[in-house]
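This structure is in structure tokens; I'll ask about it shortly.
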Amino acid sequence: MEAVSIEKAPSRIGENPEQRVLRALAESFPKTVSDGARLRPGLVRAKVDRSDIFRVCRVLKDNLGFEHLTMISAVEYDDRFEIVYHIASYQSKLLLELISTTPKDDPTVDSISSIWGGANWQERESYDLMGIVFRSHPKLERILLPKDVLYHPLRKDFKG
Amino acid sequence: MAEMWINMGPQHPMTHGLWNLRVKVDGETIVDAEPEVGYLHRGIEKICEGLTYPQIIPITDRLCYGSSLTWSHLYCQSVEDLMGVEVPERAEYIRVMAIEMQRIASHLMWLAAYAGDLGMSVGFTYTMRDREVFVDLLQALTGSRLTYNYPRIGGVAHDLPPNFDRDSIRAVDYMEGRLKEYEDLFEGSKIFMMRNVGIGLLRKEDALNLGVTGPSLRASGVSYDLRKDMPYSVYPEMDFEVATLDDGDCYARYRVRMDEMWESCKIVRQALQKMPKGRWRMVSPRNAPAGTGLGRVEDPRGEAVMYVVGDGSDKPYRLKIRSPIFVTVSAAPKILVGYKLADVVAIMGGLDMCIGENDR
Amino acid sequence: MNLFEFCYGILHWLVDLVNNLWYWLGDFLPWYFGDFFTAVGDFAASDGHLTFMTILLESVVIIVVALINVLNFLWIFRKLSGRILDFYGPYYVGYRIGGWLQNLADGMKLFIKEIIVPTKADRLGFLLAPVIFVASSLVILSVIPLSVNFGLSTNESGEYVSAGALFALAAFSIAPFAILLAGWSSNNKYTLIGGMRSAAQMMSYEIPLILCAASVFLLAGSFNFVDIVDAQHDVWFLIPLFIGFVVFLICLIAEVEIIPFDLPEAEAELVEGWTTEYGGMRFGLFYMTTAVRSYAGGALATAFFLGGWQGPSFIPDEIWFLIKAYIVYTVFMWLTWSVPRVRIDQMLGLGWKRLLPLAMLNLLIAAALKSGGWF
Amino acid sequence: MAERKLPKSTGIVLKPMKRTGKQLLRTLIFGKPNTVLYPEQKLDLPQIYRGKQVLDFKKCIGCGNCVTVCPNDCMWLEKVDDPELGKIERPGVDIGRCLFCGLCAEVCPTVALHMSTAYELANSERGKLRLSPMDIRDDAFGSTFVEERQKRMLPTLDLSKCTGCEKCAGECPEMCIAMMPVDRTDRNKPEINLAKCKSHAKCVAVCPEKALTMTEVYESYFEMPEPKLILDNCSGCGACARKCPSNAIYMLEMPGTEKTLKGGKKGKPKKRAVFVFEKCVGCGRCYQACKFDAIEIPGVEK
């Protein structure tokens, strides 16, 4: 694989890969990436400001060797939407949980389908069921529900 | 020649379920393709928000008719992660054994459907016949033939029935003999090779980029299996190999699945051998704490993930399911273009569609 | 006694019986009516009329016998496919005779189903296609004799239609037109593609088929089935023309459209190919006609390569012929249930690039054998 | 990509034909096809096969846990007038909606509900798929069924007989009985730690009033909710005690709450509900019965 792997990121002695990726992210994006934590071996969590999600993902794929986008899930809370990206690295056997928050009245976030093609349908699904709008998505249409449906069924205010 | 759109679906023998593949053909050559899914959308994620944690287990069985056990296992694993439940070791071994049996059964069902797609009835009936052996075993273990409802939060529902070890070893021996027969039946036939070698090429870069997982990814040359690379349950104790092939054509996908069946037979033997005595189930808590739980397993069709958000009550706040097929299907247009109309069935059959989990 | 004499005798007896009544009726009528009655009776009893009616009756008898065989074929088809695929096949309907009545039951069920013509279909073509398909296939059966005595002949000497084999092959190749018509008139993309595939397939496989048959005609020196079979008295054509036999069988499989060459009906991608829009007895006719064509194909292969009705005399000639045809069909079925379906371009490639040169080579061998004086 | 060795398909189609030919001989001459001729032959089903529900009326206490746990809402409690058992409530099941997940049988605290192996349940009328308790009654089925859940003999308390003499607590070799005072009453109640109990039955032997008896208790894998009494709201009406299917609620008098009547006589004292948690099955019917919001159970809705 040609992609720069996480092993090539400058390492300090005694660091495990989870800490290394968190440090690399924190150094590249000191303002927007926060709350980095290692949940269990192989699973890392970090919070990203929604304005920077595209650039973070670009760095993750190109420089840190995260070549696989596993899942995009949207969770609705009382005051916010959380868009959770699970991004996996095949080489260093890591799973990164990136959480990006949007306010309730403006559920908009940058599309990352130009970075990982696999994000295309998952973003459409999030739009369809939760109403998250992904900017500059090539074809942001409903995918599971019919085209003329007016609601987003996974929102908590939707009752059967 | 004039180009035209052909709807292959929603009711079509190729679809194995209910979805629509619109292909644009020039004569018999495919110019463009566009999958349309959602015909089987039941809103399982929404249903789960209204049910308590134990009640969801039979619902997750309905995600995929081919490998329902894997999905309920995945659900239990993610909820155990959320609740912090320790699973008894015997239960983990039983789970791994049952999942591998389910994997064999699922791959056999895939092989049957694939043979049916290629017009090979003999492949269909023989594989379905031999799948029955494992379905019978799972029935003796779990009490049902298709929707097993077997894993529980904190263990499994039942202990092994009497004589189960003997029957399983016998079934695995039988299966290994049968796999040789399949190799004669499929690869020994020139026509099968003509239909498969070099068809539906999916290159490594495309497979990585489009998020294809599971046997299709391994057939494209990426040796990545969650059972090996991010092991869960008691897979670290098991000795098996990850089946990988370099050329991403239909034949490689077929071959990877056949090899996986061999490896699964090995795992079933080892699990039965190493299985400790003891309890198989713990009392599961009623309420989950506020927080998130993540389960990630290697489904027969790829990487399946469940993400559970708990809010302190006895019902999940949000349950997100990542279906491997949902992402794999989105890669279909990339694979299909340039091949003949008859190759559509070979390619889509080779991806192992399962609409239940795709539409949720 | 051959079939002609048998039928002639029956007709003669029947006409005599009717004429007695007829003349007796005429006696009660005025003279001008009576003369008319006498003239009609005389015409009915005349040799020309009787011969004509005999030929009709003969073909009916032959086709009925053949159709009973076709029922057997369907039964073998279902039973054998069941056994190869590890299930029972027909079982309950006609339990004591191995489920033989299942096909009749299915036929009855199909008969009582409604005939549905799609709204946007070309109605005339849609209704005409099965007629052409079935008729052209049944016509093949009428010229294939089961033995020297059991065949369609025009006079008492048992002299058969001199170009019977040629006629059979010609009738065999009408079907593509019917299929294309069915596919086009259904106004459906699947049926259209199926029809086009069928036309391409049958045309490309017709040529090697006829070339192989031509080598047989060359060796036998006749188009007549009896002469062809007689020519195989010493050695079956299977042995000198083995290549031709294999090519002929492969082409026959393609002609009768069974797996691996059932592309026009390719179930997986084209639903049911050109028969998609047909239901009820029209579909049943297509289904039956496939068996008819299989029977015809088996019979042709038997007559051309397997020595026809020749065999040890403890079994009647007709039975020998049928046994051989059944064996050919069984081999077809065995192959069918063992392999997947090929792709259309691969199939056409096989037809043009492999089978055609082989058929030419076979013709060359036949010519060499003929000029060398062995036949 | 490395050059790969494709398997040789010699003879084009001969290998598969060899295999199918063998199969043909096997099914035609030497044996029979694999099919099970269904109405005449049937598959052997394992004991744990999940078919139609079967209910043992005598074991069932009518707690309704099966109704609560059903993911598809296909069970309900129905009032039955049984000549032997009197007026009781027993669950019925709508087979047409049932998932056959078996959770109802699993959650049953007294192992009265089983899944039988009957699977031929089709009916031409949808209404007949709704099976009343009488339709699924089979009191003898439980004896043919080997229950997998472990059974323990545990002492259960009849609080109405108990005098609070503390003999049982002194006798227990595991020290698992503790005498706890009940709020606002003058009584002590033995609380038995069931997890530590080893079924010696010495407490039962020593009890002078025969208030403790040994009963079969099946282990449960479900954490059931426990009711909580809000004492200030309790009016002492006793509706919960009448509703409780396992008789785990006793009404005890609270001395000092007697109202003075007109004639200077003292009336009856107020009562309060007391839970014996060893017997509680967590069904939440007391919560539903209470009209004064005096009982709350987290997670159970009215």
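When the chains are written out, they are named A, B, C and D in that same order, and each has its own residue count from 1.
Just so it is clear, a contact is a pair of C-beta atoms (placed from the backbone, for glycine too) under 8 Å apart; a residue touches a chain by one contact, two chains touch by 3 or more.
What you see is a predicted model; the values in this text were computed from it and never measured.
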Query: What is the minimum number of touch steps required to go from chain B to chain D?
result: 1
Field: Chains touching both chain B and chain C, listed by label
entry: D
Task: For the pairs C-D and A-B, output the one whose chains share more C-beta pairs in contact.
output: A-B
Task: Return the chain whose centre of C-alpha atoms lies at maximal distance from the corresponding centre of chain D.
output: C
Query: Cα centroid separation between chain C and chain D, in whole Å?
result: 70
- line: Note: chain C sits from chain A at a C-alpha centroid distance in Å of 67
- request: Compute the distance, rounded to whole Å, between the mean C-alpha positions of chain A and chain B.
  value: 25
Task: Could you give the separation in Å between the centres of chain A and chain D, each centre being the mean of its C-alpha atoms?
output: 45
- request: Could you list the positions in chain D whose residues touch two or more of the other chains?
  value: 13, 16, 19-20, 23, 34
Message: Where in chain B do residues touch two or more of the other chains?
response: 122, 126, 129, 185, 189, 191-192
Where chain A touches two or more other chains at once, by residue number: none
Overall pattern in which the protein chains touch one another (line/ring/star/complete/other): other
- prompt: Which chains touch which?
  reply: A-B, B-C, B-D, C-D
Field: chain A - residues contacting chain B, complex
entry: 42-43, 67-71, 73, 75-76, 84, 86, 90, 93, 95, 97, 116-122, 125, 129, 142-146, 153-154
- request: Can you check the complex and tell me which residues of chain C touch chain D?
  value: 80, 82-84, 86-88, 91, 334-335, 337-339
Message: Looking at the complex, which residues from chain C come into contact with chain B?
response: 81, 84-87, 189-190, 193, 259-260, 262-263, 266-269, 271, 337-346
Statement: In the complex, the residues of chain B that touch chain D are 51-52, 54-59, 61, 122, 126, 129, 136, 139-140, 142-144, 147, 149, 152, 154-155, 157-159, 161, 181, 183-193, 197, 221, 245-247, 251, 281-287, 313-314
- line: Contacts from chain B onto chain C in the complex sit at residues 4, 6, 8, 12-14, 28, 115-126, 129, 185, 189, 191-192, 194-195, 340-345, 349
